[in-house]
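The following pair of complexes shares a single chain, subunit A, combined with subunit B in the former and subunit C in the latter.
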Partner chain A sequence: MKILTTAKKVVDVELTIHVENGAIVEDGLQYVINAWDENAVEASVQLKENNGAETTLVSIGGEDNTDMIRKCYAMGIDNGIHIDDPALDKADSFVFAKVLQKVYEKGDYDLVITGKQAQDTDSGQTGIILAEVLGVPCVSNVIDIEVVDDSHIKVSRLGDAGTEIVEVELPAVVTVSDSINEPRLPAMRGIMMAKKKKIQVMDLAALGTSPDEVGGAAPKSEIAEFMASKSRQAGQKFEGDAAEITARVVDLLANEAKVL
Partner chain B sequence: MNPLFMSILLIVGLAIFGRTMYQKTLLLMALEPTDRANHIMDRIKNVVIIALGQKRLVGRKKEWAAGIMHAFIFWGFCILLIRSLNLYGEGFVKGFQLPLFGDGSILGYLYIALKDIMEGIVLLMAGYAIFRRAVLKPERMHNTWEAYFVLGMIGVLMISDLLLDGARYNLIVLHNNPEHLHFFNNPQYGSEFLWTPVSVGAASLISGFSAEANGLILTTMFWLHIITQLTFLNFLPLGKHFHVITALPNVFLKSLGYPHEKTRLLDLEDESVWEDESLGINHIHQLNWKQGLDLYTCTECGRCKEVCPCFATDKPLNLHDFNDTLKAELFENADNIIKRAKLAASIKEDGDPEEIEKIKEEMAGLNSQKQLIGDVIEEDTLWACTTCRACEKVCPVTIEHVPRIMAMRQGQTLMAGVYPQELNTALKGLERNGNPWGIGYDKRAEWADGLDVKMMADDQDVDYLLWVGCAGSFDDRSKKVSVSLVKILQKANISFAILGKEEKCTGDFARRVGNEMMYQMMAQENIETMNNYKVKKIIAACPHCLNTLKHEYPQMGGNYEVIHHTDFIDQLIKSGKITLSRSLEGSLTYHDPCYLGRYNSIYDQPRSILEAISKDGLKELDRHGQESFCCGAGGGRMWMEETIGKRINVERSEEIATQKAATVAVACPFCLTMIEDGMKELDKDEDIKTQDIAELVANNMA
Partner chain C sequence: MAKVLVIADIKQGVLKGSTAELLSKAKAIGAQTAVVAIGSNIESLTSELANAGSDTQYIVDDPGLELFSAGPFASCVVDAANQFDANLIWFGFSESGKAVAPRVAAQLEAACATEIIDVTLDGDQIEVTRPAIANKVMQRVKVNTERLVAVVRAGAFEADEGISGTENVVKLSAPAADLKAVIKELLSDASGEIDLADADVVISVGRGAKDQAGIDLVKELANDLAAGFGSSRAMVDGGLMAHNKQVGQTGKIVAPTLYMAIGISGAIQHLAGMNGSKTILAVNKDPEAPIFNVADYGIVGDLFEVVPILREEINKIRS
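Let's look at the complex of A and B:
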């Protein structure tokens, strides 16, 4: 089985993101692998370990994606493809899906595993659009993957009221939830040994396509503005006589908060 | 007596002994190198105090009787060495006397007096040792036939020599010295037998026998003594009594300058170490020779496990078994280890690569068939250790358990990739945000908002860098300690700044769980930052940070004068920069943090501060000072689940609770968390307040 996994770098959500003039302040930010993509990598490595598979990771982005791909090598990924093209700077999910389609078509894969969404944009579209453009089945929010035979997998997907178990014919795309596994930390030895491993770096031309073909020249959606979310204000604590406090709280609710 | 028989005995006895020792030495030489050939005077001092002075035996109040017993047996043996040489001489030459120890000098008389009394004492002590083993049965001891056999031999050695002298006395005094036996009779110093009351006592036991019988006793006792001694000598290297031979060298070769062997700074960039899987200890042949000597020297006394927080709370780590198991594995693989070392030595750097590959393959074939971690030592055993060093502090022969455990963890983490997976969250947090909580690094200085604390980035022209540490920066409870400390420093007008979001975890816990790569990453970034600001003096608010900054950063080019906040506060008090009011009510006790006490010998300063603020004075816990009981969070255990046995912090909290303290002072953020949690678990957190010394000082400043 040949598995294609995708990974994207996102801003570290542990950091406070500041916005100025509708744009994110980049100073002090750091970028890390999207947590759900890490689950996707772990899932493909586990399939490889348990059932035997060739795993390939594809990542779209700038030069700093290299260290992420190497860490995925250290987690157990076999091959890495890095699509680096300035034409994709403003790409949206649709464009990403089209690029991934090209990667898929070059590799003859049986299964694509992606994170169900990215921590930064939370749009959760790329994997699903990819399935659509490939014309293959797609199961989202997956929490378990089981290989049935060479051409079938059985996946569990987390629904609102319970778990749905779906048997899918391959090739297929699955997007995974973070409950599917606990990603391993890249093995130290793996990190060092991965230093020598080659990463296949390609721009769109090398991939056999062009910005126009994948839609990168004119994305279907565009980010107009960022706005910082309001941070919660500290509460007030009242101490003392119950009757006095009640009166004070009622007064505040009525006259300051104006909710009564 | 009988030169021929004596020669045969000596040749056979010494030849077998020599062969055994040669093999044991060869094995040590085949192990990894470590440098101990320095600071000879310090080493001699250690031998005098710890080995000859028996400091850790006699000096341990908890077990003074056993300590004195051992010390006298040891001292007795040292003294009797001279007597033995004399006896070997007598085997060849009738009336043989060692130069200086003969009847011509007062030394000879003094010596026989000392020897006589010592033999009596050793005999009594051996008797007590047998009684202790058979009747008192201290829990830490392993009662083996070997121990009784050796004690029996000691008894035989003493009795035979006393009876030998006793028979000689009887023959000379009662039977007119028929064989013209030699004895000291110097008008100036008096007669030999006036100096040897114990032998004369022994003589009275056999005075009823005839001259012939006494003569027979003399000869029999002489040969019994010699044969027993040679048997004893050959028996020593075979078991735990090897320490009789190796303890002195082991103490001589102990680590200096830092309580145990410092973790080696591994060259992680060297590709060959990853290919050869040679980092850390994953195979028995990767021990260094001093670690091998440690194993030879273990006396199986069990003191290490008795004080170990893991053993006390039913974790699988039993240091006595741990050492014993490793020793067995070492001996089992002795031949292969020696062969392996020979092959390794045959590899020439500029040799034919194919040839080298062949040799390496052959070497790999000589590896132990057992996985060191997994087959020999259980994983849970390895990961139980809190690196608290209680075992090392109490070991009479200075065995260094912790560095070996840490090197094994390195082998597991770096090479095998096998370690408790719950560490991943903390390690990932470290990698991304420089703290094990994984909280955004940009929030590191939020605790100091509104406190008017300088940042190094804004003003590096300060006297001190206040190293806050991750807990003091991110843990809500510990943040209060940081605030208190700032209050004290500001009151004392100390010029200081913090690194704020430029500070990262020192890497202490990463190193202690064997993740050298993460440690070096943290250390390198911190050192770059501090050197950039030309930091010279650091006040550390955490003993783990203190230890790493002070003792481990110099390996990577970070040289600073580092002081713990309790030490610094003590100086502030003594220099009058802050004044305290003796206003703390209720009984107060102190829990020594391991990395402050046992690692950095800071015991008095915290106590001096506490004495100064407490109305009722400081009441010590049963386990305090050097034998303080760990809180359970060191060695990376803070970030692992504690699922086996009783929780260590609960055990410690119970001890504190029985002390009926109103306040327990701590000086480490991990201890603070652990003890406070323990109190909560015991439902005592309302009655017993856990507070850092900085908080107590801030609240009791005049």
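Let's look at the complex of A and C:
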């Protein structure tokens, strides 16, 4: 089985983020692998370990994606493809999907695994749109993947009515939830080996396509501006005798907030 | 004129509140409205769909649509969107909506935006506002296409009580089943439980509850208030609570009138799933817990001591 996994480098959501003049202030930000993509990498490596597979990671982004790809190598990924092209700076989910389609068509992949969304946009579209443009089945929000045979997998998906067990014909795209696994910490040996491995770096031309073909020049939507989030203010916090402060808070819920 | 198609949110045969909320917003921006209802044995919902504010009801009623399957559901929405010539296609917040919206957008070559909290129209120019980066920032997004498919964040729009629609049913034929992604089984959530997504009060339990006895204690409070009963991720990972109970960015996003976080420290992903609540009460032993930064009311204390008193005082006030 050949597995293609995607990983995006995103802003570290644990840090404070400031907005000025409609843009995010870059100063002090750090960039890390998207947490859901880390789950996708772990799921791919587990399939390789348990069922035998060749795993390839693709990442779209700037030069600083290299360390993230090496981290994925250290986790057990076999091959890395880095798509780096300034024409993709304003890409939306459709553009990313078109680029991934080109990567997919260059390999002979049976399964694509992506995180269910990226932490920077929280959009959750790219994997699903990729399946549409490839014309292959897709299951999103997956929490378990089991190989049935060479051409089928069985996945569990968290849906509105419960956990759906879906049998999927390959090739297919699945997007994974963080509930699927706990990503491993790479071992030292893996980290050392990852340093020596090659990464295939390509721009759109090398990928056999162009900004026009993938829609990079005219995205379907674009961010006009960022705004600060209306953050909630800390309210009244009570410490002391439990009976006394709890009675006080219940009174406030009923008579001040009027929600009881 | 804008034409809004709302995808009816139907769970176990019941029409959920988000449908009227989305239709109310559509009418508020002066749009023509239609709704598409997809499922099995749903024809009895027609008048309810009209009362929710729709002027056309596209109904796809087929036994094959009883269980959710993203492919066929997307085909139904595309069919209705084309018949109605909708330029705005809105899903309420749900896992089904998140799975189907990008497919519909790809098939209609429309733009797609998820978790929107507002939409504005200036002539043909559509813009939406949505949170990003775990709710830490807002984005104003310019749509460069004539059509937009969107998933609306829970609690973003309010239902207008005075809204009405007219009954005008259009039956659509059912699409073929997806033979490449076949649903074999549905491990159903416990039925009869209150749906987190539309409960007025949601009470969530976290690591502070320690074990089943702690969970049961908090559950009693939820039962008293007929509240939805949720959980932090830690409890789900620990196997103490089911996946479908997880409140947070990766689980259920809720916006109830009252949210109680009991024994939850307040990881960023949890906050992103509940900080749209009207009023938040937090109970936590640690006075420095981040949950207190978003709580309107905070009780610093041991939940095993506080929750029984909370029950007693609430019951006193409600009797």
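The criterion applied here is as follows: the second predicted complex is superposed on the first by the 236 of 260 C-alpha atoms of A that agree within 3 Å, B and C clash if a C-alpha of one lies under 4 Å from a C-alpha of the other, contacts with A are read in each partner's own complex, and residues count from 1 in each chain.
Definition applied: a contact is a pair of C-beta atoms (placed from the backbone, for glycine too) under 8 Å apart; a residue touches a chain by one contact, two chains touch by 3 or more.
Quick caveat, the model's predicted, so the values are computed rather than measured.
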Practice item. Please work out whether A:E132 is in contact with subunit B alone, subunit C alone, both, or neither, and reply first, second, both or neither. Key: second
Point to revise | Which of subunit B and subunit C A:L253 touches, first, second, both or neither | key: second
Review point. Can A:V32 be said to touch subunit B (first), subunit C (second), both, or neither?
Key: first
Check your understanding: In the superposed arrangement, does A:S229 touch subunit B (first), subunit C (second), both or neither?
Key -> second
Exercise for review: Would you check which partner chain A:V201 touches, where first means subunit B only, second means subunit C only, and both and neither mean what they say?
Suggested key: neither
Check your understanding: Which partner does A:K154 reach: the first (subunit B), the second (subunit C), both, or neither?
Key -> second
Check your understanding: Counting only touches as set out at the top, which of subunit B and subunit C does A:E14 meet: first, second, both, neither?
Key -> both
Check your understanding: Which one hits more subunit A residues, subunit B or subunit C?
Key -> C
Check your understanding: Is A:G190 touching the first partner subunit B, the second partner subunit C, both, or neither of them?
Key -> first
Study note, to complete from the structure: Footprint intersection on subunit A (subunit B / subunit C) at 14, 16
**Study point:** Complex interface listing, subunit A residues touching subunit B
**Key:** 12, 14-16, 28, 30, 32, 182-185, 187-193, 196
Check your understanding: Okay, in this complex, where on subunit C does subunit A touch?
Key -> 11-12, 67-68, 70-71, 94-96, 98-99, 101-103, 105-107, 110-115, 127, 129, 131-145, 148, 178-189, 201, 236-237, 243-244, 246, 249-250, 257-258, 268, 275, 278-281, 287, 292-302, 305-306, 309-310, 313-314, 317-318
Check your understanding: Residues of subunit B touching subunit A in their complex?
Key -> 268, 271, 274-275, 277, 413-415, 417, 421, 424, 427-428, 432-433, 438-443, 501, 515-517
Check your understanding: Which positions of subunit A touch subunit C when the two form their complex?
Key -> 11, 13-14, 16-17, 19, 24, 36, 92-94, 97, 116, 119-125, 128-129, 131-133, 136-141, 143, 154, 158-169, 172, 177-179, 218-232, 234-239, 242-243, 245-247, 249-254, 257, 259-260
